[in-house]
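Before anything else, here is the set of structures, which you'll find just below.
Each of the next two complexes has subunit A plus one more chain, namely subunit B in the first and subunit C in the second.
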Partner chain A sequence: MSMKNAAYKKFKDISREEHISPGTALCTGCGGLLALRLAYKVLGENVVIVNAAGCFTLLSVYPYSPFSSSWMYTAMACAPAGAQGIRDALDILIKKGKLKSEENLKVVVLTGDGAANDIGLQSTSAAIYRGLDFYYFCYDNEAYSNTGFQMSSATPYGSRTATSLPGEINPQGTVQRKKDLFEIWRAHKPPYLATVSPSHPVDLSNKFEKASKFEGPKLFIALSPCPPGWSFDASNSVNIARLAVQTGIWPLKEAVYGEVKHTVIPKFKPVEEYLRTQNRYDHLFNPVKQVDVIDNIKKDVEQYWERYLDS
Partner chain B sequence: MVKEMLTGNSAAAWGARLSEVDYIPAFPITPQTEIIEVISQWINDGEMNAKFTNMDSEHSMITAAGTAAATGARVFSATSSQGLLYGYEMLYNVTGWRVPLVLVNVSRGLSAPITLEPDHNDVLSARDSGFIQIHAETCQEILDTILMAYRIAEDERVLLPVLINMDGFYLSFTREPVEVPGKDEVSKFLPEYNPKHAFFKASNPMSQGVAVLGGSAYSYFKYQMHLASLNVLTVHDEVAGEFKRIFGRSYSAIEAFKIDDAEYVIIMSNSFTIKGKAAVNKFREKGLKAGLLRLRLIRPFPSNELKTLLKGKKAVAVIDQNISPGSGGILSKDVTTALYHEPDRPEVILSFIGGLGGKDISHAEFNHIVEEMEKSIETGIVPETQLLYTKNDLDQINNLLNIAGKTLEELRN
Partner chain C sequence: MKNSTNEMIKRVRFHGRGGQGMKTASRIVGTASFLEGFFVQDCPLYGAERRGAPMVAFTRLSKEPILERGLIVSPDINIIADETLLGDKNANVFQGIWEGTVTIVNTHYPASHVRNVHGIVGEIVTLDVTEIALNVIGESVLSSTAAAVVCKLTGVISESSLEKAVTRELSSINLKKETIQKNVQAALICFDRIPEAHPHYFEPIKEDKKDEIVKLEYADACLGSPSVYAKGSTKLKKTGNWRLFRPVIDHEKCSRCYTCFVYCPHSCISIDGDGYPQIDYDNCKGCLTCFYECPKKVISKDREVKAW
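Our next item is the complex of A and B:
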């Protein structure tokens, strides 16, 4: 994204207005909540969130809501279908004159990585295929965190979860590589698709601003450092998110109708710097260093960026 | 008024059209597909002002139906069998959202083994979901019930979705003369949906479907659904009265057929009831005081009405077109429970399972039922649940087993 034409050039350009009150039931230092809070500043007030089962379901527990706008909890697999129903209903009610057009809302799906990558992949694919005019916000904490941090298909290779514990047979912990949800979504050629990180608020804000110009699916994967799941001190969330970007592990990019562009080119700090910040990678360093596993992670990052930096 | 020859499926589509629904999310499954095909065509031809969306599964379809209704639209959809089960999770969600949508189920036996013809295990699996359930016998009744269903569902004493059942093939693809009411008449009966409890609009933010923590809140909301469902017993009769006044056709929670002086009563539901009514007529010709009750309103269960209708009868036989393996027929339990505290209750209640996967119920089987009722009165011994299965059925399965290289005899050993 060229900074020259960007709506947000520096941190102070971001609105101070808040649409999510503090004091929610989410964990201290939740990276996903910070990303959502920033996204909301661009989305504004006239929003209905359609939520899938996950950590963020606890944002709205009867009779409380931290939002200044509307909320609909659905179930784990079907938030995009829920968004379809709301969008279709608003459209037909406005068309029939039963609802004034100024009552219109932006429909925003809010799901975790488990719902996005696994149980809800079909309903997401279908919503993108239908060209549904909606936002999709996936907070990617790289596991089923709300149920105690079990492995999802967004869990990275070499990390520890409650269902991919390092042991004698698999000393690296998670054996599989993280599913490339960005590329799966991109294959549908949606108008707008981006990754974001709470460590890069200006980049995040510009992406939501840019997305707002498109009609159709506008999809976001937000890196969500998870203090209890990744096992680090809650005060480090933003630093860890920043390291994920700086090491090249979390590429910040966007795709407009399928055309990919990286919005931040990192200076490639050693991946070990990132891995050492979280106890979910502790087994790679203690009691003995698993050099082969760390090398594989390095190689994956290198191979990813070679594809883009060469072209 | 002119009657048209309509299939059960077309009658359902007309019901949705006349109700001026706003939204139809759809997913195909046999034998329901004709309903959504007809509606899709009407919308494309500009004859119906509604939004139609092809969804990716019944789970998504019921979700979209529910959230559209929660936005304030009048919503219709239809499914069948495996489809209803695929969306099962969302049935409980949409009832909890208290959205008054109408869903038609075209009954079809459940896999495995996979089959096409009807029984009621599919629709009765939703028995405890909170959906109001009305089961229809004729094509006219399907159309009429959809009109009534929106009145009932949208009544502020109710605010629950309605599931209307018709039998696949036997009714979905059978043409019967159906009176299609005019738009003006319908608008006198069914006003525009204008929700005060569930909607989304910018000027009035609302949270819906939110989580609760702890049993006090959960119990409170669940029990409200029970009380709302019980209100349907009153609301249904009010709505049916109004319907009769405008359209001249009369529906009650339980249809009573030759019941007044009956001593032996058969209880059935859905389209196979016509077979039961024919059997009752034959029994009457022979001088046996037979009668029949058709359970139309399944949820809420009209216990009091049933008690009144069966007061002082000699014997009752419930034919369940479903099976709860390890227990028996599902509706026989509801009937028995309703009668237990009635001092003048029937002497015996017998339970039969028939018509599974669309198997015919022949007159010989009705004869057997009456004989069993008479025997039970005489001996005071009530038999276990029996499967209605004739010599002819046995020959047919024997034939198939032979082709498969097995015989019943071999299998017995």
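Our next item is the complex of A and C:
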């Protein structure tokens, strides 16, 4: 995205209005909450959140709510279906003249990576297929963090979760590669699709601004460093998210009707710098360094970027 | 329920915040008691909340098989690992304490101060466990130190069982050897710092003597419902007492770059009329993202010791 035409150029362009109040039950230093807070500043107040079960359902624990807008809680599998119902109801109210079109709401699905990659993948696919006019915000903390950090299909290769502990047979921890949700969604050719990171607030804001120009599915995957799950100090979420971008592990990109463009080309710091910040990768360095596993992670990153930087 | 009047049974209740290590502390005490030859039971209790939110854990130890189950309403030893919980009505840390309860509070205040402020019955012991943990382990995780305090107060657990239990429990959660060693060291310091407990609180009580039904006070519906419908009502929860360190902005040196405001995950930093960032201390959880991200390094962190 060229900076010249961008709506956001610096931190001072970011809205001072808050749409998520302090005082939530979320973990201290939650990276996903920061990403959502920044996104909300662009989305504004006229929003209805459809929240699939996960960490973020604890944002709103009766009788408290941090939102300046509406919120609905659904099961893990069906947030996009819930969004369809709300969208239809709003459209009918507007058509009947019972709701002014300026009071229209943006319907935003909010799910974790577990709902997005595993349990709710089908209903998301169906909603994109139907061309539902909605936003999808996936906070990707790379596991089922809400229930004690069990592996999801977004868990990266070589990391430790409660259900993929490094052991004699699998010293690398997680054996599987992270599912490429971006590519799965992109295959549907939605109007707008992007990855974002809380470490890059200007990039994030511009993507939400750009998405607002499209009608139909607008999907986002937000890197969400998780202090208890990834096992690092609560002050470090932004730094770790930044390292994920700088090492090339978390590409910042967008796809308009399926056409991919990278919005940040990193300088490629060594991946080890990222891995060493989190105890979920500690077994790759202690008691003996698992050079082959680290090399595989490096290779994956290199192969990914070769594909894009050559073309 | 078996009447346990004649055998020694001890009931320990741990109050802390998610992430402080009280669940592990209850396990360490359980394991240490087991190594001493006792029958043991331990379990944590969480709400739907997480790191930083109040939680409770329980350990029972006895010479006979333990047939009691569930929450410990009247503890013999009641440890409050986070002093900010003392004033928290929801955490209810003094529930069911009686003349025989030994309450240990992790604070730098003397025991007399705690008694005067809260007017609680039973024995009170205070120790700044966090300080010991910060000095020896380097972080404010209180699992081994809190467990050591409890082990000492039971009067029936030896130093060597404590040491073995700390090592065993912390190894099972994959901590590094050096971290475990530091934890053992900190635990032994705490163990030595607690005076030998008085024998009279060993006296067990029959739990059925007390009315254990928790009576909720009447509250008018109007009091609660406006909060439910208000926008952004979570700020009434005041999560500021989750904080261990307080970020302080030096406004003299601040260049008004907005970095701390932009990166605060919890919406606790706002920009005032003059363009300076202001921290909402009622709700700041003390993640210290601002402290680390400030490009001019004009934010300092102060240990929060007078939270109540």
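Everything that follows uses one rule, which is that the second predicted complex is superposed on the first by the 311 of 311 C-alpha atoms of A that agree within 3 Å, B and C clash if a C-alpha of one lies under 4 Å from a C-alpha of the other, contacts with A are read in each partner's own complex, and residues count from 1 in each chain.
Basically, a residue touches a chain if its C-beta (ideal position, glycine included) is under 8 Å from a C-beta of that chain, and two chains touch if they have at least 3 such contacts.
Please read all numbers here as calculations on a predicted model, not as lab measurements.
Looking at the shared chain after the overlay, A:S65 reaches both subunit B and subunit C. Residue contacts after overlaying the shared chain place A:D180 against neither subunit B nor subunit C.
Contacts of A:P227 after superposition on the shared chain: subunit C is touched, whereas subunit B is not. Once the two complexes are overlaid on the shared chain, A:E302 sits clear of subunit B and of subunit C alike.
Legend: residue contacts after superposition of the two complexes on their common chain; A:P22 is shown touching subunit C, with no touch to subunit B.
Within subunit A, the residues touched by subunit B in the first complex and by subunit C in the second are 58, 61-62, 65, 67-68.
On the subunit C side of its complex with subunit A, the touching residues are 19, 48-53, 174, 176, 224-225, 227-228, 231-239, 242, 257-259, 261-268, 270-271, 280, 282-289, 291-293. Residue ranges of subunit A in contact with subunit B, taken from their complex: 45-46, 48, 50, 57-58, 60-62, 65, 67-75, 77-78, 80-86, 88-93, 96, 98-99, 102-105, 122-123, 125-126, 130.
Interface of subunit A with subunit C (complex): residues 11-12, 14, 16, 18, 20-31, 33-34, 37-38, 55, 58-59, 61-68, 160, 165, 198, 201, 227-228, 234-239, 282, 286. Per the touch definition, subunit B reaches subunit A in the complex via residues 22-23, 25, 49-51, 53-57, 59-61, 63-73, 75, 89-90, 93, 192, 200-203, 205-213, 217.
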